[in-house]
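Have a look at the structure below before the remarks.
Every chain is named by a letter (A, B, C and D) in the order it is written, and numbering of its residues begins at 1.
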Amino acid sequence: MNDTPTFQLDGASVPFEPGQTVMQAALSAGHYIPHLCYHPEFKPHGSCKLCTVKVGGRTAASCTMPAETGLEVESDIDEINALRRTLVQMLFAEGNHFCPSCEKSGNCMLQALGYDLEVHTAGFRHLYPDRPLDASHPDILLDFNRCILCELCVRASSEVDGKNVFALAGRGITKHLIVNAKSGLLADTDIELADKAMQVCPVGVILKKRVGFSVPIGERRYDKRPISEQALDDAPRAPAGARHE
Amino acid sequence: MSEKKKLRIATTSLAGCFGCHMSILDIDERILTLLELVEFDRSPLTDIKHCGPCDIGIIEGGICNGENVHVLHEFRKNCKILIALGSCAITGGLPAQRNHLDLGDCLTEVYLTEPGLAHGHIPNDPELPLPLDKVHPLHEVVKIDYFIPGCPPSADAIWKFLTDLIAGKTPELGHGLIKYD
Amino acid sequence: MDSEVNPHAAYLDRILDRYGCAATNLLQILREAQEQNGYIHPDAIDYLIVKLRIPRARIEGVASFYSFLHLKPHGEFRVLFSDNITDRMLGSIELMHKMCRQLWVEPGKMSEDGLVSIGTTSCTGMCDQGPAMLVNGRTITRLTHQRVQEIGQLIRNRTPLADWPADFFRVHDNIRRKGLLLDNKLAPGDALCAALVLGTQNIAETIKTSGLRGRGGAGFPTGLKWEACRNAADTNRHVVCNADEGEPGTFKDRVLLTSHADLVFEGMTLCALAVGAQQGFLYLRGEYRYLLEPLQAVLQRRREAKLLGKNILGHAGFDFDIAIHLGAGAYICGEESALIESLEGERGVPRNRPPFPVTHGYLQQPTALDNVETFCQAALAIHMGAESYRAIGTAKSTGSKLISVSGDCPRPGIYEYPFGVTVREVLQDCGAVNTRAVQISGPSGICVSVHEFNRKLGFEDLPTAGAFMVFDDSRDMFEVARNFVHFFAHESCGFCTPCRVGTSMLKQTMDKIAEGHGTKHDLSEVENLDHVLQTGSHCGLGRTACNPILHTLKHFRPAYETRLKSLDFEPAFDLDGALARARQMTGRDDAGAHIEAEKS
Amino acid sequence: MTKTIDNLETAAHPENLRRVAIDPVSRVEGHGKVTLLLDENDHIHQVRLHIVEFRGFEKFIQGRPYWEAPVMVQRLCGICPVSHHLAASKALDMIVGATLTPTAEKVRRLMHYGQMLQSHALHFYHLCSPDLLFGFDSDVAKRNIVGIVAAYPEIAKQGVLLRKYGQEVIRITAGKRVHGTGSIPGGVNKNVSIEERDYLLKDIEQIVAWSRESVGIARKLFEQNLDLYNNFGRFKAHTLNLVREDGAMDLYHGGLRARDMDGNTLFDHYDYSHYWDVIFEDVKPWSYMKFPFLRSLGPEEGWYRVGPLSRVTQCDFIPTPLAEQARKEFMAFNGGSAAGATLGFHWARMIEMLHSAEQIRELLLDPDLQGTDLVTKGKRQERGVGVIEAPRGTLIHHYKVDEHDQIIRCNLIVSTTHNNQAMNEGIRQVARQYLDGRKLTEGLLNHIEVAIRAFDPCLSCATHALGKMPLEVELLDAVGGMLSTLSRSSDGVFSN
C-alpha cells in the first residue's frame, strides 16, 4: 500500500496501521517515546505516564492514544521531557531504588530512562517505604522495594500465563503488589520460571534466584546503547515465550 | 586564562566510603592539569581541618550523624557552589538501607538484648557523634546546587562536570557518563 | 477448601444467592460479608474463590481498595469522624481526641481488646449538621462533647447499634430555599406519562432543546449523551445514576434521595425509555448506607405501581428495573468510568477514554450515566416541556441548581436557585457575615474571595456540582487548602504516577510548611507539582488536586508567607529531633548530643 | 586500674584536664579523630583514637540475598573495595560449595594484586610522601600531594601512574575501577581477553621498575633519618597474617599465622573458617570500632598488629624474586631494626607493591586468564567464612545464609579494626616521645597523625558496623557439629 495513513511526530512523518496507538506506530517506525508500563506484547495500560506527548496543545499518554491521520504529535520537547524527568524522580523517591547493589542495574528501564532524561537526583524527599522481600520461592525472589506498579507482571500472568499470580492491592501511595496466596507468599502460588510474568519486570522486582551479577559491566542492555536508541526492540509483536503456547 | 585566580575547592566525605574521592583521583594525570586551575582547601588530601571561603564544595556521603550535619553546614556556609557527589550524597545510598529499621531497636539488639550479653552497654562517650534516626541525602538538609550521580561517578564524569563548571558552562553528563551504579 | 466444612458457608451462601453468585457483584458481596465479623475473614475468601471462580488476589485487591472494607479485624465498633474542613471548623478533631482518650485508643489504631477503632474519613456529606461520624457505617450527626461522651459509654458497654438513641441517627434535610425541583408537585408516573405521549424517539430530542446539562459538575449536555447511547450498536444498554456524592461539601443528592427518590427513579426510567435500556443501577455512596432500605421500599412501591418492571405503565416492551449498589469509601468512584469499574466489582480505577461509557460502559455495553439531580431535572424538563424549562436560568445554563451551603453561616442547608444567581445573593440568603472566601464545588472547584462575590453560578462563569463552603475572616485559608490536599492524597486511586506520588508530595510539602519548615523553595515546588499533576494525570482527580493551593495562594498568599522561613532552604525535618532516639538510648544530653539550630 | 593510666588510655581525673583534639585525622581514608587530655604543665594523661561513625552494614544486609553481598559489602570502602568484594566472594564460595576454576582464581588474584598496587601507591605517594619528604612539622599549607607535585613533579607523576595502573587492572577484571562486579559466588563473571591482556602488558615492565624505585625511596628515607625512623612510635606487638602452606607470603589465600612480640609462634597454618576459636573482639565506650584480640592471650594482652609490616616480617619468603630480594635487605637492615619500627610499615608496603607488580606480570602471561570456565558450584552450606590479606591487613568476612538464600547473620572484622589497639599504642608512644610537657603546635600534633598514617588505616572500613556485634563463639567438633556456645559480654566476661 503506497497510501498508508501517517501522522507527524516531532516533524517526522510516521506511518501507521488502523487500530495502532501513537506509541505502537512510533516504535514500529523506529521513533522512541519513553515508556515503562507499555510492553510490545500487551494491551496498553497508560499508568506510568512517561509516554505523555503533546497533541494540539493538549497532553495525553501516547500508549493509549489511537493514531489518526494528520495528528501533530510533539514528544521530544523540553516541556514534555521536563515532565518525564519529574515522573522518573517521583518513582525513585517513592520506592527504595539502590542501583549500586541492584542486580538489575544496567538492564533496568527506570534507570535507563533516568540516564536518558539526565536525571541527576530524585530531588523529592525520599519516602523510604518498608517493603520486605519475599524469598519464599525456591527459584524466584521478589524485591518489592523496586516496584514501580507498572502491572506488567499482573497482565503477563493473567493474559499469557493464565495464572493471576500477581495483583495490586491498596490505594494511592499505599498501592502495592501482592501475590495470589492465602499466606501471601510466592512459594504458595503456581508461578514457574518459564512463565511470561518472569520476563516482563522492567525493574528489579521479579528475579530468578542465584543469577545475581553474572553479566559483567559493559555487556548489560543499556551499557552499550541508550534506551532511546532501542525503539525497535519495543515495537509491537505477538505475545511470545509463554510456555502455554 | 591561566592568569586568572585559581578556584578554591574543598572536599569531604560524610557517611561515605571514600570511593568518590578515589574516583576524583582516578582522573589520573589530569590531576596535574586540574591543579593548575584550582587549589584545595579542606580535603582528605590536605591537613586543613576546617573549611574556609571556597568557590566549590564537593561532598561525598550522606548524613548519618550530628557531626555530618555540622560539617555540611560548614560547607554550605563557605562554598559558593555545593556539589553532592555520588549515590550516598544524593540518595543516602546503601547506609540509608537502615532507614526502615528503628535506630533504638538496632542499638538495643546490638548492645543489650543479644543472647548471652551479660552487661551490655551502648557506647556513650561525649567524643562520639550520635547517629540520626535516619540517613538523609544532602539535599534534604541544605540546598545543593549540583548532583553528580554514580557509585562512584566515573572519573570522566567528574572531570567533565568540573571542567564545564570551571569554564563557566552549565555542566552536562550525557550517555555513558551518567550512571547510578 | 471443602465448602461443607467452611464455617462461613452459611451466611455467604445467603449473600451469594442474592447476588446470583456473580463476580460482577463482588463489591456488594464483600460489603455484606464484612457485616458478619466487622471484617472479611480469610476463610470467607477461601469460600468466595471457589464460588465466584476468581483468584484470591483479585478479592484482596478489591477489598483493600475501598477504605470501608477490612481484611483484618478492625474493632467491634469502627468509628470514623468525618474529616471535611467544615467538620474541623466545628471542632471534630478535638472531639476525636477526646473520644480516643476516653476509650484508650490511638487514632487510626484498634484498641488492645479489639473493641473499637477510631479514625477519620473523607466528608460524609453532613456538612450542614456536623460534626458527623460513621459508626460501623451508620451516620451520626450534630456531634457535641456530650454526645461523644455518651457514644463512648455505649461502646464501652458494647451496646448494639440498634439500641442507641434514635436521635443520634436523625439526618435533617435543611431545605432553605425551594425552586422548580424542590417545589415540584409531580406524582409518581407523571413525567413517564408525558414521555410516552411525547414518544420514545423524541425524549432525547426534547432534553436537547431544554438545554439540560449534567449536574455533576462537568455540565455535559444530557440530551446528546442519551442520543449517543441510544445510537450505540449494542442493544444491551444500561442507565446508571451516580449517587456517589463524594465531593466534600456536597449533600444535595442526599436530600433528593431522602425526599424526592421517586423523581430520581422517574428520571432514570424515562432515560431508559429514551435510550432503550433494560437495566438500571443506582450507585449509592457507602456513607449513605442508611438510605438503602428506604430507597428499596420506594423501588418496591414503583414496581407495584407498574412504574418499574415489565411493560411499564402497560406499555408493551417497556421493561426496566433498578438495582442499588453501594460504594465502600472511595471518592474516585464518583468519576464515571471508575464508578462503572466499581459496579462491575473491580477496583475503582478510571478507565482509558475513548471509548466512553455511552458506547462502552457497564460490561462494555452502552451506558447512560448521570447525576442524581440531572435525572430529576430531566423528569421535570420532560414534564413541563423543553421551552418552558429553558426559560429558567441562563442561556447556557438552563433550569435550576441545588446548592449545598455549609461553613460559616447561621443557616446552612440546601438552596435551590435558577442558574445565574450570584455568590453574594447566596451569602445573603444563608446569613453569612464577614465572609472571606467561598469554596465553590468542593476542593477540586474554585475558591472565590470577596472581590469576586458578584460572579454567577453557572457553566458560563462558576460551574458547580453544588458545594458552597463559606469561610469567614476568622479562618486560616492555608489550613483549608491543607485539608483539601490531604483529602486528595487519601483519595488518589494510585493508578498513575503523577497523581499517586504527586498528591503525597504535595501533602508532605503542605505539612512541612504547616510545621514551620516551609520556604519559598517549597512554594515553587508546589507550582512544579501542579504542572505535572495537571499535564500528566490520568483523570480529573489528579488534574485538580493542586487547585486548592493555587487558588488560596492566588488570593491569600500571606496565609502561606507568614509561615515561611525567611531563608531559601530548610530541612523537612527537625535535625535535633532526629537525634532524640539516640539520646534516649545512650542517656546522653551533652552539647555534642544536640544540633543547635544552625542556619545554612 | 593504674595500668591504663600509664598506658595513657584513660586518665584518672579527666575532669580537670585540658582537651586537645585532632579532628578530623586527615590524609587517611575514613573518619576518625584523636583526643588528648593534658594538665596545666602540658603533661599528657590520655590519648585516644576515636572512630566516630558507623553505617550498620552488618545489620541491614540481613535479609538480603547472598549473591548481593560481594557487590553490596564492598561499599564499606572505596579504597580497598576489591578486598571486601573478594573476601565476601570467598565466603560465598563456601556457601555455594564451589571450588574455583583456574581461570576464576587467577582473574580474582589479578584483581587483588591490582588492588594492592593502587592502594599502596595511593598511600605512599598521595597521602604520606608529604610527611616523609617535607618533614613531619613542615608547612601545613604545602604538606600535601599538591606540594609534592610542585616540589617533586617526577615522584608525584610516578605515584599517580602506579596507582592508575592498579586501577586499570581492577577495571579490566571487575568491570569498573571502584565498586565493580567481577567476582561472584563460585567464580567470576568475565575473563581477561587477549586485547585486555596486551593493553596491560604494554606498561607492566615500567610498573615493576617504578615499584623497585619506590622500595629504594623508602629505604633511603630510613638511611637518611635512621634514629627518627627507627624509634618513632616504636613498640612491640604480636602479629597476625595469612601464609601459604609453604610459609610463603600469599595475599589472596592461606592459613592464619600468629606470633607473639618475641617471635614465638602462637598458631600457624590455622584454618580460618574457625577464626572465632582464636580471635575475639572487645568494645570500649569511646569508640565505635571494635578491639579484637587473640583469645589465648586475653583482651588486655592479646591485641596485635596486621598489615604489610607483619606480612613481610612474618612470612618465610616472598615467592617473587625482586620482592624477595627486597625483603631480605629489609630484614637485614641495621640489624633488623626496620622490621620492628612503626615507620617500617612504609618500606614493607613498598616491598609488597613490588611483589604485586611481579605477580601481575606473571599472571598476565598465564593463558588461563582467557579460559571460559568461569563459575562452579557444589553442595550448599549454611555458613561461609572468607579471609584475605587486604592492603591494610587480614580481612575476615563471615556469613550465615538460610534455606531461602537470605543472609541471616554477617560478621566482618576488617584490617584496620585488627590494628585498632596497635594504632592507639603507636600514638601514645609518640605522645610520650614528642608531645609530653611541650607546648603543642600543629607540627607536633601532626606527629600523631604520622604515626596513625604509618598503619594506613582505612577508617571507612572500620566504621561499617552498627557499633559492636557481640561475638558468639561456636565450638565445633571435627565434623562441624556444635559442641557448646560460648558468649562474651561487652566487658570481656565469658558465660556459657
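One rule holds for everything that comes next: a contact is a pair of C-beta atoms (placed from the backbone, for glycine too) under 8 Å apart; a residue touches a chain by one contact, two chains touch by 3 or more.
Predicted, not measured: the structure shown is a model, and the values here were computed from it.
Here A-C and A-B are compared, and the pair linked by more C-beta contacts is A-C. Measuring from the averaged C-alpha position of chain C to that of chain D gives a distance of 65 Å. Mean C-alpha position of chain A lies 32 Å from that of chain B.
Mean C-alpha position of chain B lies 48 Å from that of chain C.
Along chain B, residues 93-94, 97, 107, 122-124, 127-129, 131, 134, 140, 151, 181 each make contact with two or more other chains. Counting partners per residue, chain D has 72, 75, 179 as the residues that reach two or more other chains. Residue positions of chain C touching 2 or more other chains, listed in rising order: 572. In terms of inter-chain touching, the protein chains here follow a pattern that is not a line, ring, star or complete graph.
Applying the touch definition to all chain combinations yields A-B, A-C, A-D, B-C, B-D.
On the side of chain A, the complex with chain C involves touching residues 44, 46-50, 52, 59, 61, 64, 66, 83, 86-87, 90-91, 93-94, 124-125, 127, 148-149, 164-175, 178-182. Contacts from chain C toward chain A in the complex involve residues 42, 45-46, 55-58, 60-61, 64-65, 67, 330, 347, 352, 354, 489-498, 500-505, 508, 528, 531-532, 535-538, 572. Remark: chain A residues 92, 96-102, 105-106, 111, 114-116, 118, 120-123, 125-126, 128-130, 226 touch chain B in the complex.
Within the complex formed with chain C, the chain B residues making contact are 66, 69-70, 72-73, 76-77, 102-104, 107-108, 122-124, 126-134, 136, 140-143. Those residues of chain B lying in contact with chain D across their complex are 13, 15-23, 25-26, 28-29, 31-32, 35, 39-40, 43-49, 64-65, 67, 93-95, 97-98, 101, 106-107, 110-111, 114-125, 127-129, 131, 151-152, 154-155, 181.
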